[in-house]
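Before I ask anything, here is the structure I am working with.
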Amino acid sequence: MDANAVLDLMWILVAGILVFFMQAGFTLVEVGFTRSKNAGNIVMKNFMDLCIGSLGFWALGYTVMYGESIGSFIGKPNLFYDNAEDMHNLFFQTVFAATAATIVSGAVAGRTKFSTYIIFSFIMTVIIYPISGHWVWQGDGWLTQLGFIDFAGSTVVHSVGGWAALVGAIVVGPRIGKYTDGKSNAILGHNLIFGALGVFILWLGWFGFNGGSELAISGDSANNVSRIIITTNLAAAAAALTAMIVTWLYYGRPDISMTLNGALAGLVAITAGCAAVSPMGAFIIGIIAGVVVVFSIDFIDKKLKVDDPVGAISVHGVNGALGTLLVGVFATDGGLLYGGGFTQLGVQAIGVVSIGVWAVVTSFIVFYVLKKTIGVRVPKEEEIDGLDIHEHKTNVYND
Amino acid sequence: MDANAVLDLMWILVAGILVFFMQAGFTLVEVGFTRSKNAGNIVMKNFMDLCIGSLGFWALGYTVMYGESIGSFIGKPNLFYDNAEDMHNLFFQTVFAATAATIVSGAVAGRTKFSTYIIFSFIMTVIIYPISGHWVWQGDGWLTQLGFIDFAGSTVVHSVGGWAALVGAIVVGPRIGKYTDGKSNAILGHNLIFGALGVFILWLGWFGFNGGSELAISGDSANNVSRIIITTNLAAAAAALTAMIVTWLYYGRPDISMTLNGALAGLVAITAGCAAVSPMGAFIIGIIAGVVVVFSIDFIDKKLKVDDPVGAISVHGVNGALGTLLVGVFATDGGLLYGGGFTQLGVQAIGVVSIGVWAVVTSFIVFYVLKKTIGVRVPKEEEIDGLDIHEHKTNVYND
Amino acid sequence: MDANAVLDLMWILVAGILVFFMQAGFTLVEVGFTRSKNAGNIVMKNFMDLCIGSLGFWALGYTVMYGESIGSFIGKPNLFYDNAEDMHNLFFQTVFAATAATIVSGAVAGRTKFSTYIIFSFIMTVIIYPISGHWVWQGDGWLTQLGFIDFAGSTVVHSVGGWAALVGAIVVGPRIGKYTDGKSNAILGHNLIFGALGVFILWLGWFGFNGGSELAISGDSANNVSRIIITTNLAAAAAALTAMIVTWLYYGRPDISMTLNGALAGLVAITAGCAAVSPMGAFIIGIIAGVVVVFSIDFIDKKLKVDDPVGAISVHGVNGALGTLLVGVFATDGGLLYGGGFTQLGVQAIGVVSIGVWAVVTSFIVFYVLKKTIGVRVPKEEEIDGLDIHEHKTNVYND
Amino acid sequence: MKKIEAIIRKSKFGEVKEALHQIEVNFFSYWDVTGVGNEKEGHVYRGITYSTSDIQRRFLSIVVSDPFLERTVEAILKTAYTGQVGDGKIFVSDIEEAYRIRTKEKGSDSLK
Amino acid sequence: MKKIEAIIRKSKFGEVKEALHQIEVNFFSYWDVTGVGNEKEGHVYRGITYSTSDIQRRFLSIVVSDPFLERTVEAILKTAYTGQVGDGKIFVSDIEEAYRIRTKEKGSDSLK
Amino acid sequence: MKKIEAIIRKSKFGEVKEALHQIEVNFFSYWDVTGVGNEKEGHVYRGITYSTSDIQRRFLSIVVSDPFLERTVEAILKTAYTGQVGDGKIFVSDIEEAYRIRTKEKGSDSLK
């Protein structure tokens, strides 16, 4: 292999390793934003997302996504992928797949049956995610052909995860005590330091998530990758700062957990356009994401009354869709603000909606079937005592 | 230096940096799996492993391991290594050496004298580990010449650490209250979230541990490295999932800390063969490791009555040996299942046994001498009150 | 771009990503070394350092530092930097800038108004740090022309941060209860495990901080980078071990938090000379740093009665200056011990002093103006109850 | 004045608090304790299956003026109840004097 | 012998301890509790603004011989005072017997 | 009925619990407190050497029927003992009424 090819491969591996670490970030955010009595259960769910995702994507999902296209809709499935020249791509795509599943975990935390969740996670990684992924990233997918741009997966990964999280949270229902007399109550996260560390790790991993999605670094890709790193960083910073200011104005105090969510919202929003927008564009996308995430969390919590302990629906679903649309506005090549007219924006909307519908419908079917068969929710007393002591017969914090 | 050589060097550095981070992972696992009253002591032990390892390996150990071979048994020692062209290798090997020492720390946690431990750690890094390492990795070592395969150190690093941990745990004896009336009691880890974060970090670092052991990434090595990353990831995922299922069937619940140990067991087991087996082989090795680790922990705890709070003996010792043997079964080139007959398996066994004997004998001598001189164990009341308050006059958790 | 240029760019990005992660390390160290009632506030301050630093350095600071030199004193400012070929440098320099600001946060923890701190952080990143940085690293700066050596920023980054921390801690004043009847009281850090994890992360990030400052890895740079990694690691290890031994002799016990500070002191001290000294030189610099940090913390706390909860002044200010001076002693090319006479040492002293004066004067002006206008300190009762509950209306630890 | 000490299931705390609120007992202190009693809880840790009678409970300390005693006890008896072993205990003892620090009020006045 | 249970603001603990020290009450135990009372504390969490009367307090349990009772109560009343709602309460009850484990002393002797 | 409050060394808890078990006192609650007393513990933190009398202790609250009082106190006196300053205290006070929530039993019956 020549040096340039090795450079590309090495960059993909390094980026993939960074994305891998995001699993730890998700785990910490979810653990930190929920109650201590469920912390072990959350660890197990995230850990199984990674394990099942790694195995399932290798065993089947990767070819469903990247196999030869059947009607631009699905890849030709093949068991136990083993192509010696393509292992770096398998790795990079595997850690992406695990991310999509993990997003759901936070939204349904604190009341979902462990066994049920595991089954969902498996279906997510081998069917739901790879199929819509195929539409955009395989090359022959129908959305690719329409000209849809989702560089690193605002929609393909995050929105899919976010909408599935929405469905999951609705089907499972809110935690006991979350809504009383039509009022939304605060259920405090038990360790915001874990939450903050998780966000730092996610931000770190995102450099791999977005930067690695160039799938190359040699030649002309080099400066692209650098720009991606910058746009990613600026959007995250702008969104976190904006979210903080919004909460300061709106609730009177700079809210810690909302600010942390702000950073994540900025990261999700820039994911689609990280390679297509300018630093200034990234900055503005970040500001928008920072505003939207605060009001979206508020709206979903207080108006829709959907209980999402970690804000996954707003961060990944809403901001994933938003970020994808904003590519149509801020893309320096073809964006509305750069004289490209509404064409790209229209294509972006088609992609966002069609993948959104796909994610909602399929995950609803899965959750619904699970609800009617093995059940999705733990018994009331288990929930009150905490999932750890019932599902795992142990507490994670001891003396 | 030409681009290919730079690529190799850079990969070794990046991989080494990842391996470095494993020290944080070990620390968190050990802290999390033991009681809060000893947490600071564990931090200090791990921290000193790193410091003493870094200094000792540079000052002496590196040449003991990689110096010109004296009788295929030991490298020609040389003080304060300083070869401007070889600093990347020194770094990579240093972080490996620190790992071997750290493994012991977990097994003897909660009752061992700090000063004693430090002395052991020093001897481990400059004598015990480098000598057996010389046999396998220096090129002229007698095991290399036999054809022994231990790619990244299932035996050289992990088994050596694991067997020393076994000896240490026996010589030091169990923690007070661990065994009463011939029954093994549970002594709960105080923070499984730290434990889980530690495992994520270790898994992350292992990509450097195994991937970096190719010691190159240019040319043909590129695809090898990618495959190593995949086999490493699959084995870890399979082992964690398997361990979870085994505990579910066997104890009625998916056990959190055992599942975490499962991942580590898979990582240790694949370390020897990560470059020699197929993804499917890695998957099966992972499954075997996941089963073995659960029963091994059980057996060592309940039958042998050796008190190993973090499972280091089973994870590193048993699975290190197992993984090395399984190379003889699953190596696509020369393995039993691939028509290679029993030759490779026999060689593997010789290596596993001889290095095992070496580790057990030398570490027994060291621990025994320490026991008879300065003592290995803290006084009873120190142990009950906690090592932190006595050995360091402070607690790590305050208001 | 040719493969060598890509290698350099990739190394800068990877190193920058490691440096980015240091923000998490700083956060954890500061959180761990202070009381739980202020932990959320510390998270917010560090998080804002990163966000404001990222935005401010892009918007203005980068050109103030690296823009065309105006009189060797300051770069020609330019808003919203956007040079497609230079984004990797912008990223690497951005994460450095964020570090300088963050250092101050620890020293003023537990009593400073959040809004005030944010303003200071902004001025630090866009004015104070970039101007003195210009003197040394832009190429035309007056200190560069004198021959001043500060390879990765012992003075440019760490001392500047450290002296600003000193000024901040003095202007803000000690925490309530820190000094009573002229005696210094211990105010315990609430979670030394977080502190230790933070130090591991910082150490990790420092490989990027120092190694990346070569700003290249191709050709001859390759071995330089490797040597930097080794000198960095040896100095850190030697300093931590030395600090531990010093506290053991001096206070009777190996002190955990001092040992952790020791590692950081070694890292700061080697930062200036990491590329100029031999491994043995690094080892000795580490030993000196390990001794100095313990007595410096003692002196600043007990004699100067400046309340610095995390030891930032000693670690970054004192050891930054010290490390820069020691380059004049240990540089293999031109150092006092290598027959270079006192010339280099003299130049180093000029740089250390002039940048020290700059940092002290400018940050004093800023803190003083803030004190006289919006105030620097929270009301007494807020401080006693904790900043989290007053400034952010929430606690970070809950059930 | 009487002191009522109630040791209840943590999971029942919300209901008990609500019930106390209903009968206008709005002043009390609580903390978490470990209770040893009849109830056993099965645990598994690293393959060791054990059952422990050391169970997390919530301890309520409520000082009331005499007329409030009965209804307070009743409220707790009713709402902390599940019927399973481990519901907990209520202990009543005498308080000789009470002060409200803010107003220096003494006796029952300090409890209003 | 009397038992004095004082529930005070955490922020006042330093002063109270100092005052007890002054009057030579050097023996007591304390722990943190959640207090429910008149005081309300405003909180914001993820956009939900709520006010809670569950506030962190410190609980002091001090057993003294009878002659010490008055001055101990007074010391606490004085130093735990801010005048704001939420200063806390002091409760006095009777102790029948006391033992020092180390010496097996009983009664007031065990409290010296 | 009597309430026995024992403040002991954490390190002695295991033995005390075992001893209570022997004499069939299988019901009690405990939590961790900070004790202020004669004992001083030396600490070092970041170079500041200080000695504190604020020491971690375990607080046991045991309500027993009268016939159990003596043997319970004795069991604790014996097993919590080391002879070093800081062994702790036992306080006995009167309980007027006790209820078992599960069965609504009152008085000594509720303690069986």
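First chain written, first letter: the chains are A, B, C, D, E and F, and each begins at residue 1.
Definition applied: a residue touches a chain if its C-beta (ideal position, glycine included) is under 8 Å from a C-beta of that chain, and two chains touch if they have at least 3 such contacts.
Predicted, not measured: the structure shown is a model, and the values here were computed from it.
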Contact distance in steps, from chain A to chain F: 2
Between chain A and chain D, the fewest steps along chains that touch one another: 1
Same or different residue numbers at the chain B/chain C copy interface, by half rule: different
Which of C-E and B-D has more C-beta contact pairs: B-D
Euclidean distance of C-alpha centroids - chain C vs chain D, Å: 51
Chain centre separation (chain C, chain F; CA means) in Å: 50
Distance from chain F to chain D - Cα centre to Cα centre, in angstrom: 19
Whole-Å separation of chain centres (CA-atom averages), chain A against chain B: 34
Residue list for chain E, restricted to those that touch at least two other chains: 31, 43-45, 93-94
Of all residues in chain A, the ones touching two or more other chains: 3, 7, 10, 14, 188-189, 191, 251-253, 255, 257, 392-394
Touch relationships between chains, expressed as pairs: A-B, A-C, A-D, A-E, B-C, B-D, B-F, C-E, C-F, D-E, D-F, E-F
Interface residues, chain E side, partner chain A - complex: 43-50
Residues of chain B that touch chain A when the two form their complex: 3-4, 7, 10-11, 14, 18, 35-37, 188-193, 196-197, 199-201, 203-204, 207-208, 211, 217-220, 222-223, 225-227, 229-230, 233-234, 236-238, 240-241, 244, 251-257, 259-260, 263, 278-280, 283
Partner chain C, residues of chain B touching it in the complex: 1, 3, 5-7, 9-10, 13-14, 16-17, 20-21, 23-24, 27-28, 31, 39-40, 43-44, 47-48, 50-55, 58, 80-82, 84-85, 87-88, 90-91, 94, 114, 191, 194, 391-399
Complex contacts: residues of chain B adjacent to chain F: 177, 381, 384-385, 389, 392-394
Residues of chain E defined as touching chain C within the complex: 10-11, 14, 41-45
